[in-house]
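Here the structure comes first, spelled out in structure tokens, and everything after it is commentary.
Labels A, B, C and D are assigned to the chains in the order they are written; within every chain, residues are numbered from 1.
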Amino acid sequence: MITVRYFGSLKETIGRSNEALSVVESLTVLAVWHCLNGDLPLAENMLTAVNMDYVARSSVVNDGDEVAFFPPVTGG
Amino acid sequence: MITVRYFGSLKETIGRSNEALSVVESLTVLAVWHCLNGDLPLAENMLTAVNMDYVARSSVVNDGDEVAFFPPVTGG
Amino acid sequence: MTIKICDAAFEPFAEIQTFQNALALNGKFGATSIFIGTMRDFNDGDNVQAMTLEHYDGMTQKQLAKIVAAANSKWQILDCLIVHRVGDILPNEPIVLVAVWSAHRGEAFEACRYLMEELKKNAPFWKLEKLATNEKRWVSKI
Amino acid sequence: MTIKICDAAFEPFAEIQTFQNALALNGKFGATSIFIGTMRDFNDGDNVQAMTLEHYDGMTQKQLAKIVAAANSKWQILDCLIVHRVGDILPNEPIVLVAVWSAHRGEAFEACRYLMEELKKNAPFWKLEKLATNEKRWVSKI
């Protein structure tokens, strides 16, 4: 099971904040996105994290990982 | 009358903090020093001010001015 | 080295004072550099009446800890404190506090600036503004 | 823009808080950058038990006012506060406080650093240390 999370304006755009994905084989971060969001493109400026660390979209996701998608951060 | 002031370690070295000098003609800052301190050299790193602004040693001092000699500052 | 995420208004000067009093560093630190970010009532040409700060709980703490570790490897820091607000915020309320204690001023100034810049780059916070017109708007990266 | 020379111990966070409360800038400032210099009990390889800070009264204020005016011409500063201690000081007591309020962080950070560096370069203060051995020693420029 992979946990998937969305934050900020992206969460509003896709209308969900949390979901789970059962997978039988390893997927890239971008493949996780498309599994759950079909053809909707992941905008170029969106950031991706696995287990709370920033990773590239080509990074491989394993069972039990938490994957997150979000827009550029604006704290501080 | 010119007021002359010394600060910091220089004040201790020459043993005075304040003095007055009556002059009939304009002098440079360095000439003021030598009028009051004879041949004692004014060390190269000593700073000079006239009327509370930093000036060069060649700067001219006028009657009524306050001249100050002091070592590099160490505040903050 | 302390990182606090808080969901209610905080008093930055009281936070720093309390933290500093608890440090066993009397006579050891010569320099303290502090930055406080405060909510303005005006942004990008519009009046703002309130803001909601969303964050990715867990990742925020993890990223801030990495930033602090990086600062520690770059400068001789005696201690540091980071406080960041989340949730609903009103104008004039503090959003972020970064404070660094060190022996000399160069280290304190540079580490404090570094922590703030890295926090703005990497810590997963998102600001949702409520304008005076009641319109809501996500703040976008400048 | 306030410059204070004080001959007794001061509480930097109380000073900043009081000053900020009196500013008519609620919701206008987004950034506050602060530096506090504190007396250490160790300097140049020796233990220090006390210090006397001499200054050139009048020239200090004049030079600090020039530095503040220069910072104002370089950055958009909303307000700033400088407090500098003179007289007899003990380890762990604050020596100097510089605080800058501005709309954005770049200005606040840069102006605060500039004010401190210029103060150290131009404000006529001299430190006389009393070492643990009771020897007195003028601090010399690094």
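The rule is simple: a contact is a pair of C-beta atoms (placed from the backbone, for glycine too) under 8 Å apart; a residue touches a chain by one contact, two chains touch by 3 or more.
Note that the coordinates shown come from a computational prediction; the quantities given were computed from them, not determined experimentally.
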item: Chain of greatest Cα-centre distance to subunit D; value: A
item: CA centroid of subunit A to CA centroid of subunit D, Å; value: 48
item: Centre-to-centre distance between subunit B and subunit A (centres being mean Cα positions), rounded to whole Å; value: 71
item: Where subunit C and subunit D are represented by their mean Cα positions, the distance between them in whole Å; value: 23
item: Residue numbers of subunit D (touch at least two other chains); value: 37, 105, 116
item: Contacts with 2+ other chains: residues of subunit B; value: 76
item: Touching pairs - complete list by chain label; value: A-C, B-D, C-D
item: Interfacial residue positions of subunit D with respect to subunit B in the complex; value: 37, 53-56, 58-59, 62-63, 84, 95-96, 116, 119-128, 138-141
item: Subunit C partner contacts - residues on subunit D that touch it in the complex; value: 13-14, 16-17, 26-42, 91-92, 103, 105, 108-109, 112-113, 116
item: Residues of subunit B touching subunit D in the complex; value: 5, 7-9, 12, 45, 49, 52-54, 68, 70-76
